[in-house]
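Have a look at this one.
Note that the chains take the letters A, B, C, D and E in the order they are written out, and that residue 1 is the start of every chain.
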């Protein structure tokens, strides 16, 4: 589970049937100060997130399928967006995002 | 799930029976501006992709088996190609790929 | 499984139902000398840890669900805190944390 | 799934029963031009590979158990060798390995 | 699966019940020449290893649970020690460890 920012969308018409109707978003992992790190991923949206939102991402097939309400327990989903973040609190800073 | 480019093919005659008949492709992960990052992988093709295509890859056994229509739920597949990308849209650029 | 320090908390009101009521914490992996390395993660608390604690984290869905007492075997949890560390002993140093 | 080269062997007499009789090999990941990258791993051999062979490796427990014909679905195997590579073809080079 | 050296131990009294009675060790991955690389992990001991031993580690929940004889198939274990290494043989060097 990581903090991430939604940075873009993707269109794919020729894809596996089970991915049809699912919104795919580019997400960039962030640390607790919202500094980007690591590699971008593609995530299936499970909460109605949009470009610019700071979100919680999950990178586990079992969890991702559940959150995106995949009909089959074996739907081909691996990364998903599980929540939109309102605020972050650490020892020395507090940030309201929404 | 990541964006990737198909960059090559591989021939292996001496391989596990359950991999026979499956097309193995080299894929290079890309960010949303199509800049390569990270390490190449080998992926089983699930959508009829070819060298040069920009694709969606999945790196989870359960999903990969499903997309490549493996007969057994335990087929030895780990990474697969799940879609061919038409276009990418971010805050400040739009790219048509197909 | 890794050693990590709890460095912050996060509020998300718009999230998947199954994550409701679960405390999400930022954790930073540490080596045996408590030097940070690698990337921050978000973890679900399973032992009552707080900011500043040095903890054991698990990064596997099956284990994480168990420790956080998720009602469903398919609850969308991926990383969790499984213990609070008292002391560390290596060849040449000994550190009491609690 | 990755391309890799078999670079060594390992002897362990004091090991878990379920690993007994299994050949453990050091493998080094390679890119499509056979340039090494990333970290070495230990893999269980599933195809009769030897030191110097360029092989296909799988890094998923379910697949690895299947290929190495583990009697139990829960045998403790995580990485395996699934095929020996004959040739590689990319946009601008072609290499015969066997 | 990786080669690793046991470098320390850890005490945690306030931990998940299912981890009670399990020995947790710090392990540092090594390459075939015993040079450290990558990040330290915490592993549950499954073979009676001690500080200084060169060992085989597994990083998969299913395997780890089996080796450490966890009573429940869902015990929260992710990384384990599966064997103690006697010797390593590569193209150009041979090392006896025990």
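Here is the rule we go by: a contact is a pair of C-beta atoms (placed from the backbone, for glycine too) under 8 Å apart; a residue touches a chain by one contact, two chains touch by 3 or more.
Quantities reported herein were computed from a predicted structural model and do not represent experimental measurements.
Annotation of chain C and chain E: not jointly contacted by any chain, touch as defined at the top. In summary, the chains found to touch both chain A and chain D are B.
Chain C and chain D have centres, each the mean of its CA atoms, that are 33 Å apart.
A separation of 20 Å divides the Cα centre of chain D from that of chain E.
Listed for chain E are no residues, as none touches two or more other chains. From chain D, proceeding by way of chain E and on round the ring, the chains are encountered as D, E, C, A, B.
By the touch criterion given at the top, residues 7-16, 18-19, 24, 26, 39-44, 51-52, 61, 72, 74-79 of chain C touch chain A in their complex. Those residues of chain B that touch chain A in the shared complex are 1-3, 29, 31-32, 37-38, 46-48, 56, 58-60, 62-67, 73, 80, 82-91.
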